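What follows is a single structure, and I will ask about it in a moment.
Note that the chains take the letters A, B, C and D in the order they are written out, and that residue 1 is the start of every chain.
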Amino acid sequence: MFNVPQERAVPFGCVTPAPIGEQPMMRTGNWREFRPVIDHEQCNLCMNCVVWCPDACWQLSENEEEVVWNSTYCKGCLICVNECSHDALTKAYELDFPDGVVRLEKPF
Amino acid sequence: MAKEMTLSGCAASAQAVKMAKVDVICSYPIRPYTAAMMELAKMVAEGELDAEFIHGEGEHAQLSVVYGASAAGARTFTGSSGVGVTYAMEVYSPISGARLPVQMMIADRALDPPGDFGSEHTDAMSCRDQGWIMGWAESPQEAFDNHLINYRIGEDPRVMLPQFVCQDGYFVSHIPGKVLIPDQAQVDEFLPPYNPGKHVLDPKQPVSHGPQIRPDQGAIMDLQRAEAFLEMPKVIEEAVGDFNRIFGRHYSPFVEEFLTDDAEIVFFIQGGHAATARYAVKHLRERGVKAGLVKLRFVRPFPTTQVAESLAKFKGVGVVETSTSYGGSMRGGNLLVEVRAALYDVPKRPLTTSFMAGLGGDAVTLKDFYWMAEILTNAVKAGRVGKTVYWAGLEQAVA
Amino acid sequence: MAHVQEITVWTRGVVKDKEGRDVANGIAKAADKEGKFTQAFDNYVDLPDRVNVPVRKYARISDDDIEMKYEYENEKPQVVVVVDATLVKGIDVLRGVEKDGVLVVNTNRTPDEILKFIPNQQLLKSIACVDADGIAGESTVDFSGTEGGVDAVGLGSGIAAPLLGAVAKSTGLVKLESLAAVVKNKEGLFKGHETTVIKNLH
Amino acid sequence: MSIPVQTQTFPMLKKLRNIPKEEYYVPGHRTCAGCGPALQYKLVAKAAGPNTIFIGPTGCMYVANASYLCTPYTVPWIHSQITNGGAVASGIEAAYQVRIRKGKWQGELPNVIVMAGDGGSVDIGLQAMSAMLYRGHDALFICYDNEAYANTGIQTSPTTPFGGNTTFTPPGKLIPEGKRLFPKDPPQLVIGGHPAVKYVATASVAYPIDLMNKVRKALNVKGPTFLHIHAPCPKGWKFTESKTVEIARLAVQTGMWNLYEWVDGEYTYQFRPREYKPVGEYLKHQKRFAHLKEEHIAKMQAFVDAKLKTPGVPIKVPVPLPREQQLS
């Protein structure tokens, strides 16, 4: 009877399925002005970056040998750089990297 | 075996809620609905009803507790009166928007100021646009029945909406009447266990309840509820049909007519004062006045078609308002607004006016109805109504 | 209905929020001085802003009443101002531009370096780069002008001033003198105007 | 027939390397870069695990996390009004008690956690929070404290410190200090009058193992528990977003925030420095205090000094009454 455009649709009762692993409807990698860059040689796996990232963008790798950065969601707050216990992290200007483009149509 | 008990409206409500096997109840005291919770508290204390009985810290909390409990898969019950009903206002729309079929009993009470414990429908009527089902009972029996009927309608997967099950404070809530209590097996046949479906809060199938939307999606949330109300008449007819069959009753789903066969003037009314109106109609007929009565059973969804079909048959309709709408288009209550709107597309409309009666808990007596009938009769004679609202007991009977 | 010039300003929440608002307000106020009908406002759906989140500010200029004044977004901007250059990696800043658009970017890099990140540059008539950070130093963080409040700090005391200078030079939307009448940091405004590097694309 | 309700028991965490890898508050939310409340949310969710239901009263942790029809919670989550987090949690807990008892749901009682801001817990949410704690629901009420109504654009709340510049307490000629009142004390409000509560603790995002263990201890208690978590807000406190943890640490080091546990009447303290830094060390990073004069900072230092004599216990030295302050 009614014609609801797809982009305006709301699920029944505004109840949505929970995300799995990440929330792809809210990619936040495009928030960054600076990104953290890791020197794996310097890293002693103190885990400060892992525990203190509000966006869970640092994770220990599967084999537990290094920490891995999530460029799709990192907002560039640089808490990790500030808290790194071994100076393994440095900040770098985003435009110096051709990668990590999260070009969205809308900001969300 | 069904048994007959003499119960107040409050006690009858409690019996119905017990037989609906509710899981979570949230109470807060305010007169005159309190006794319903007193009864339920006794049942829980005696082990007759296995439910969580939570002492809410206020009406706002009552509605919040049942909101959470219903989202977590429980059948729920709460209730209130007067300013308690309006204190909980914030939570009504979140409940209907989340499509949680909680049930709330309202035993009406006038709103402050000052403190007035008499019955008036303004408390509930102020909340009529919050996406809840709403209707009144005339007697303890009808109150008992309405609780079961409303759970069935509200929990129907085509509906999934909360319900205000209303009764007049004191008149219905406090004065005992005969109530037929059915067998539990009959209730179980009529009312299946609550199935919250896929949107229940459950760690085994996680969902997010109520994330924010953009302004352009707000209309869609509204449309969802509006569509449920469009579907609802069908569900109500089915539920009332099943109820009549299983319990041997004769309810009309939306509007009940009394002595209307050749009636020229009718009272249009909802709630407890319909009981007195019936006697008034009988006595008016004894005096040769062709009077009748049309009782509204649901004000939300408003049965537009049924009201129009029913009222179009008469010459004069007097809407008995038991609530206020200060400054409204009819200068009285809201019911005449609805009635006139329902009649707008009828080719031959009856004359309509309204009577403010029973405000603040004022009794509405036979004399009051005779006075209303005189105004209606005069109006029919004159072919016009003098004004859209008359205040019962406070004005001379001139058309 | 008279043609409405739409100007979209892309900025980052909190850290450059006021600066972005100042750009939109500066354009509108200056155009107002020139007798135009104007409007400037935050993109409501982006609020509340969060640190670093991409947000939009809008300005509209017309020779007559703006009949679209209650529409949420600028659907077809002709001028786009990017207050933080890194936004070009994250957002299609030219969304809605039909043709002959002007892109103004706060950066110390050259137009060609920025264009590397603009895949739909055929929509542009020109791109203008100005080192607003270098000229004005720190961005002002202040909430007094948010949510419809009245700004208590003053318009254009930070990087908005040189950016507005770049807008005047590259677009012709408003005159530099009109901007000078509304912007606090006039030196920054003029320096921005003077040092803006424009590249015409066709 | 009534089925007994089983609850979960969590082991304590010892090292950062041993904390669970699984995230239940996943990347993809619209909180500020460097958001303290988001950081504590991640840690709380990690500590609580999958059998958890979160209640999110309105505030930043509703609006920023659940923007535009998506959320970062992999466990069930429900929005509540800012007013009623405690009441909605009560209903959920009660529903699970009765559904498990009646055999309608199988499993250990889920962790029911209210994640309320300072407004949603000790201001407009106080009534619902107090009632939940009083009635003895098996639920954890967390007040993540960012010391203001941040979502609406930084307005004062009862936990905004004296001297805080918010958009409702702007410093001006007549009121140079901005906020004139000293803050409410949330854990003391809870401890002071809720006999069912056996565990209350304060925590800070700067001490993550301590924070997660306090979450687990609270969840291991059968009955209502309360955590007060310090969560710096880069937007509202106006500091560089990389300093969220540093600021939180400085709060503990200056005595502006005290870490303690209250277990059935007994206090224990954590990370008490042998020597406290002056409060100025904490204030100087935050532009919300940039307008303060020396006399204001001295007033704040006196408040902290008094508090530190008996951390956790309501402060004994009289705080000037609001009206007296206005007269001065």
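One rule holds in what follows: contacts are C-beta pairs under 8 Å (C-beta built on N, C-alpha and C of every residue); 3 or more make two chains touch, one makes a residue touch a chain.
Predicted model only: the values in this text are computed from it and were never measured.
Every chain gets a centre from its CA atoms, and the centre nearest the mean of all protein CA atoms is that of D.
Centroids built from CA atoms put chain B at 52 Å from chain A. The geometric centre of chain B is 56 Å away from that of chain C, both derived from CA atoms. Here the spacing of chain A and chain D, counted between their Cα centres, is 25 Å. Averaged C-alpha coordinates put the centre of chain A at 28 Å from the centre of chain C.
Residue positions of chain D touching 2 or more other chains: 30-35, 63, 67-71, 73-77, 234, 241. Counting partner chains per residue, chain C shows two or more touched chains at residues 51-53. Across the assembly, chain B contributes residues 206-211, 213-214, 217 that each touch 2 or more other chains.
In terms of inter-chain touching, the protein chains here all touch one another pairwise.
Interface of chain C with chain A (complex): residues 12, 46, 51-56, 84-92, 95, 107, 109, 113, 116-117, 119. The part of chain D that touches chain C in the complex is made up of residues 30-35, 63-64, 151-154, 167, 170, 234-235, 238, 241, 287.
Interface residues of chain B, counted against chain D in their complex, comprise 23-24, 26, 50-52, 54-58, 60-61, 64-74, 76, 90-91, 94, 201-204, 206-214, 217. Across the interface of their complex, chain C is touched by residues 214-215 of chain B. Chain C contributes residues 44-45, 72 to its touches with chain B in the complex.
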